[in-house]
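Presented sequentially are two complexes of subunit A, the first with subunit B as partner and the second with subunit C.
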Partner chain A sequence: MSPRPGFMLEVDRSTPPTLFWHGEGFHLERLPEGSRVLYGPEPLEALADPVSAIRRALFEPLGDSAPLPELLRPGMRLTIAFDDVSLPLPPMRRPDVRQLVIEQVLDVAAEAGVDDVVLIAALALHRRMTDAELRHALGDRIYEAFAPHGLLRQHDAEEPAALVLLGETDQGETVEISRRAAESDLLVYVNINLVPMDGGHKSVATGLASYRSLRHHHNARTMQHSRSFMDQEHSELHSSNWRMGRFIAASGVKVFQIETTLNTDTFPEQFRFLQRREWEWTARDRAAFVASSSALARTPPRVARTIFHAIRSPHRMTSVQAGEVEAVHARTTANVYAQQLVEVDGQTDVLTMGLPYICPYNVNSIMNPILVACLGLGYFFNMYRGRPLVRQGGVVIMSHPTPWAFSPVHHPSYIDFFEQVLSETTDPLEVGKFEESFATDPWYVHLYRTGHAYHGVHPFYMWYWCAHALEHLGGVIVVGGDRAAVRRLGFTPASTMADALEMATDVVGPGPSITHLHAPPLVMADVR
Partner chain B sequence: MKNGSPLGKLRAPLQRARFPWAAPTWPTGMERPAPDRGVGVDYDTQWARRYPARLARAVVLDNLTRPLAHAVAAPAVIGEEMLKLAEQPVILAANHASHLDTPLLLSVLPLPMRHRTVVAAAADHFFDRRWKAHLWAGALNAIPIERHRVNRRSADMAADLLEEGWNLVIFPEGGRSPDGWLQPFRGGAAYLAVRSGRPVVPVHLSGTWRLLPKEARRLHRGRTAVRFGAPLHPDPGEDARRFGTRIAAAITTMADEADSDWWTARRRAAAGVTPPGTGPVAAPWRRAWALGPDPASTEDEDPGRWAVRVGSR
Partner chain C sequence: MRGLVFERNLPRFAAARVAASLAGSGRGIGVSPLRLTDLDAPELPGPGWARVRPLLAGICGSDLSTIDGRSSRYFEDIVSFPFVPGHEVVGVVEEPAAQGGPDAGTRIVVEPVLGCVARGIDPPCAACAAGHTGGCERVAFGHLAPGLQIGFCADTGGGWSAAGLVAHVSQLHPVPDALSDEDAVMVEPTACAVHAALAAGVVPGETVAVLGAGTLGLTFLAALRHLTRPGTVLAGAKHPHQRRLAAELGADVVVEPDQLTRAVRLRSRSLEASGGLTGGADVVVDCVGSAESLTECLGMVRPRGRLVLVGMPGTLRVDLAPLWHREVQLVGAYAYGTERTENGTRRTFDIAMEVVGRYELGGLVSAAYPVERFEEALAHAGAAGRRGSVKVVFDLRPKRRSRNGAAPGRVEEAIR
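Moving on, here comes the complex of A and B:
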């Protein structure tokens, strides 16, 4: 049976309560009659033979690119860059898509007699991956072949010797990327497109760039003009990356782009109910929900976090395409939309969302309050095309425990940002005045380069990610969150969803229309 | 069962259970997937009519269901002799107000008819799960009938069973009365009678709604009456619609008889002034009011342990 498309459910008396994620847990909420719930399409069929599909993509590239074997020759410098630990979410079961693709690329390179091959994790300003994470993403065979010889590297945006300044775009944007990538005869980028924002020119122009380069599009003004940044046609973030990407190509960097899409089969069998429609829950689903939610309610947060971060998603590949960046990305985006896009009639006064335990920046880590804001107002709010799901001046209600807790290993600069910057202002345009000091702080730079810390400027980017939503919304309410942390974010805490809905009427008026974004699994609204 | 009893204490939370402790309800307008093959109208009840199942059911019906039905419902059986006026198999068309109706009707049928009767039951309610289908097919010799639309498979099965000599109990209203009054009759019984040429015995059950109404969670003791009417044969050339009207009229007349007496009901029927039995068109409370007080609450007389029979055996 082919997967059913997504749809908007109108809640009535017969509708069972709706599942809301709440960090490392979940609960059921009975939404008022007349509310709408946006359900995503069911997971698309996976490729029956992904290895053959990958080889076909390499040998039959899109756009004006030659087949990969024709681009390879003995004595050349080949660099293979790949997306970092922020994709996919949750981390997928082995074999990871990156392993499948890179193994095929390396097979072709071996057949062509290419000796000089380096693999680079395209971190941008993200934290360095651990050895275990690299091994998981690439598989044992690749890891053992490259890591011991120093040929498996992680992009370092703060190592001057490892960067090269290519110049400026016609808009004055500095383009500085990895020297190894820029000076290779061929750069193969292996991408995972989990959301429409990923991929395209953004892969190289962001993933392998320096802070000097990134700041041109990772700022509040750009994000306010990205409506949304999940819709490339209307995203200033993408416009800037596309200018840079074309500039990189014009500078002589030859990029062979490989993009993959995954289905939304997000949770393993024991958590199957998390991606099923509530009225279709079987007795087993209900038993699993009751058992897991009851157990999690009694589990210390640290243990619950460990349990959840051990989840390996059964995501499977639905498409793979390779060749020239823009031709590849056009098809990739269409495939992502096929999996996630749902047509929606009209906006809503109040948008509710249950936020899960994970976002791209806390894999194997703590979801601190800044990341909560980023996931809700950055990612989920922007999962739209056309118009935002919630109207101008509307209210977003997020359900998440929002603990006042940070990982000092992964997010050291977040702690200071939360304490020093957000205590002074929550305006994304104003926080920018603190950016330089965080970005150039030697201690943060040291931790980024030698430890597993996000770059000092990263919390600013998270806050910029919220800029469009903060400008658009009349209020943000967090249900069940740490009240002090929520207030520090500039949001309003509420104890229950009923309280939050009541409080929202102060902003949007009585009898508001309510829409719930039933995610994850990921769903994107095409708002008419 | 008092809620204070140990069993009552155990049962109360189960009755109050809501999703996720109980199965979810289905949002209005959401199309249900096609039921699994093997349930609903596709459920094969053949096994329930084989000898071992019939023997087991006869033992249960005669030694458990029947005494219990008599103890709880104290049925007065009126017009049982009418069953002898028609050659079996027959179609027993009865009004439907309670889940008690089927066991009560089966328990007052004379032998051997009692053990040679199948019951048409709603496929979407009694056969939607495999365990329920097994239970009702085994315990009541139920067969699945599609009640919301014409289903060829259901109709063929019922006609084949009549052909094989099985009597058929059918509730032409298509479901239990929500408030104790009669509901409009559908054409299923008449259609089967016309198709198979078998007679229809109209049956009226009174009092069961007060003992176990729809949505009730507790069973009350009380008195009931089962009235059998004269068998109706479809006239040559009579279509199912016309025949259905006659069946409905016969049951409505018996409902009038239950509220008055046989002679009064017959005279009203002859004059065409039989009350429709569907109750006043008014607010729910007025319809409830018009049903009158529960006879059990106004009579001190002990209804007795066993059946009160009226008429010849």
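Moving on, here comes the complex of A and C:
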């Protein structure tokens, strides 16, 4: 039986309560009659033989690229860059897609006699991965073959000797990327395209770039003009990355792009009810919900966090394509849309969302308030094509505990951003005046380079990610969050969903239309 | 006349220490050596002395420290028992001095330090001769019983008594009409802050971090802004009202105390090592006086910077390795006298009156109690921060007292 497409449910008297994520937990909410609930398509069929599919992609590339074997020769320098720990979410069961793809690339390279090979985790300004995370992404065989010899590296955007300035685009954008990648005879980039934003020219132009390159598109103005940044055709973020990517290609950097898509089979068996439609829950699903939600209610947050971050997703690969960047990405995007896109008729006054425990930037870490804002107003709000799911001046209601808690190891500059920048202003344009000092702070630079800290400027990017939503919305309400933390974000706290819906009417008027984004699993609205 | 007396009683002193450590500051009154009793007015020690009837008398952190049994044994020889506490005093001259000074009925604030002049020591010690009465070398000598200040001396009385106190004419400062009683009672603590702000030796543009935002921290911020030209001023304040007031009184950055080091690091672009910053603020001011606060301050002052100790410490266990290694100057700041300013040499109290008037520091007086309700008053003062208050005072103005005991006028907060 083929997977069913996504659809919009209209809540009526017989509709069972709707599942809302709430950080390291979830609960059921009875939405008012007439509300809409957006469900994503069921998980697409996975590739039956992913290894064969990968080899076929390498040998039958898209666009004007030659097959990978023809690009390889003895004595050449080959660099394989790959997406970091921020993808996929949750981390997938072994073998990770990166392992499957890179093993095949290495086999082909070995057959061609290439022996100067370096792997680079394309961190951009993300935190360095731990050895365990690298092992998980690449598999033991690759890790053991490369890491002990210094051939498994992590991009360092703060090491001048490891960067090369290629020049400027016709828009004056500085293009500075990894020297090893730029000076290799071939750069193979291995992507996991979890959402439509991922991949394309953004892979190299962002993942392997420096701060002075990234700042041209990672800023509030760019994000306000990316409507949405999940829709490449209407995204200034992508326009800038495409200019840079083409400039990189014109500079002589040869890129062989490999992109993969995953299905939305997101949660393991014990949490399978989280991706089923509520009226189709079996007795076992209901029992699992009751058991897990009541157990989590008695579990200390730290323990609950450990439990959830141990989840390994059963995601499976639905497609793999390789070759020239733009041709590859066009096919990939179509495949992502096939899994996530749902047609929606019209906007809503109030958009509700239950935010889970994880976003791209807190894998094995704490979902701090800035990341809560970014997940809700950056990622989920922007999961649209055409028009935002919520109308101009509408209200977003997010459910999340939003603890005033930060990881000092992973997010040191977030703490200062939250304490000392957001306490002064929450305007994404205004916070920019603090950006330079955070970006060049020697302590943050030190922690980024030697520890596992996100770069000092990273919390600004998270806030910029919210810029389009903050400009568009009339209000943001957080249900069940730490009230002080919610207020610091500039949002309004509410105790219950009913209270939040009542408060929303102060902004959008009485009898508002309500739509719930039932995610995760990920779903994207094609709003007509 | 009813008043409060503190007696030498070691068992009760020890009991108060235990009670305060268990129940909190100001909560050990029942077992402490402090008691309410009928008192006679103190004798005038000489012709240069006047009799003063207190109007308002503040409760200082050093008073609480004494009552809680936490004060240092260092003070044993420079106080005399029994004494009437209360050295932050605005009052009126009830009986003027035979040899000059303000007339009867003049509203004055008392400069309580008992230096050589008050003690009849001539020639005065080097410190007093230089105008630095706070550093007087003779506080245990002369014709008066030992006592570094009125409020700690058996011969002078103190502010916490309707029987009044005696003060040498050199200790009396007439209060301008523009200042209310609440403003005036803030002059003495503000004088401490003025002295500390000048002792900090802030060079224009220097970064200053102030830890603690009780009365001393807040008045220090006002004095710092009034007298110096610092660069960025950061303040660590525990309670929301303290943070609001710190910002109003001139702090550029106000954070919770445990965030102050982070805030200093961010401004100084310092690295971190060995539990502290490798750089830090040029001047760090400890307005708390605990081992924890001093340790935190040592961790945020730059090498060769200055750490000013304003809050009264006791016996502390602190690792001074960073002080040695980073060549930090540890500066004590006690009391007042005369100050060298850009405008010449001035009495600290004169400058303090200026600061109090300009920054309306009488607004920091949060609650006023009659001395009969001293247990409530001291408990309130011991929990002032938690209760949203700053300065708690005794009100000795019987006719003006309101029904619930709160002082009228600018004391805005009811007794909680």
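Assume the second predicted complex is superposed on the first by the 528 of 528 C-alpha atoms of A that agree within 3 Å, B and C clash if a C-alpha of one lies under 4 Å from a C-alpha of the other, contacts with A are read in each partner's own complex, and residues count from 1 in each chain.
Following the convention adopted for this analysis, contacts are C-beta pairs under 8 Å (C-beta built on N, C-alpha and C of every residue); 3 or more make two chains touch, one makes a residue touch a chain.
Because the structure is a prediction, the values reported are computed rather than measured.
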Subunit B versus subunit C as contact partner of A:Asp416, first or second or both or neither: second
Partner chain(s) touched by A:Glu430 [first = subunit B, second = subunit C, both, neither]: neither
Contacts of A:Trp443 with subunit B and subunit C, given as first, second, both or neither: second
Which of subunit B and subunit C A:Glu159 touches, first, second, both or neither: neither
Touched partner set for A:Glu502, first subunit B, second subunit C, both or neither: neither
Subunit B versus subunit C as contact partner of A:Val11, first or second or both or neither: first
Per-residue contact with subunit A, leading partner among subunit C and subunit B: B
Which of subunit B and subunit C A:Glu33 touches, first, second, both or neither: neither
Set intersection of subunit A contacts, subunit C complex versus subunit B complex: none
Residues of subunit A defined as touching subunit B within the complex: 9-17, 28, 278-281, 283, 286, 289-290
Footprint of subunit A on subunit B - complex, ascending: 19-21, 23-30
Subunit A - residues contacting subunit C, complex: 415-416, 419-420, 437, 441-443, 446
Residues of subunit C touching subunit A in the complex: 253, 255, 259, 262-263, 265-266, 269-272
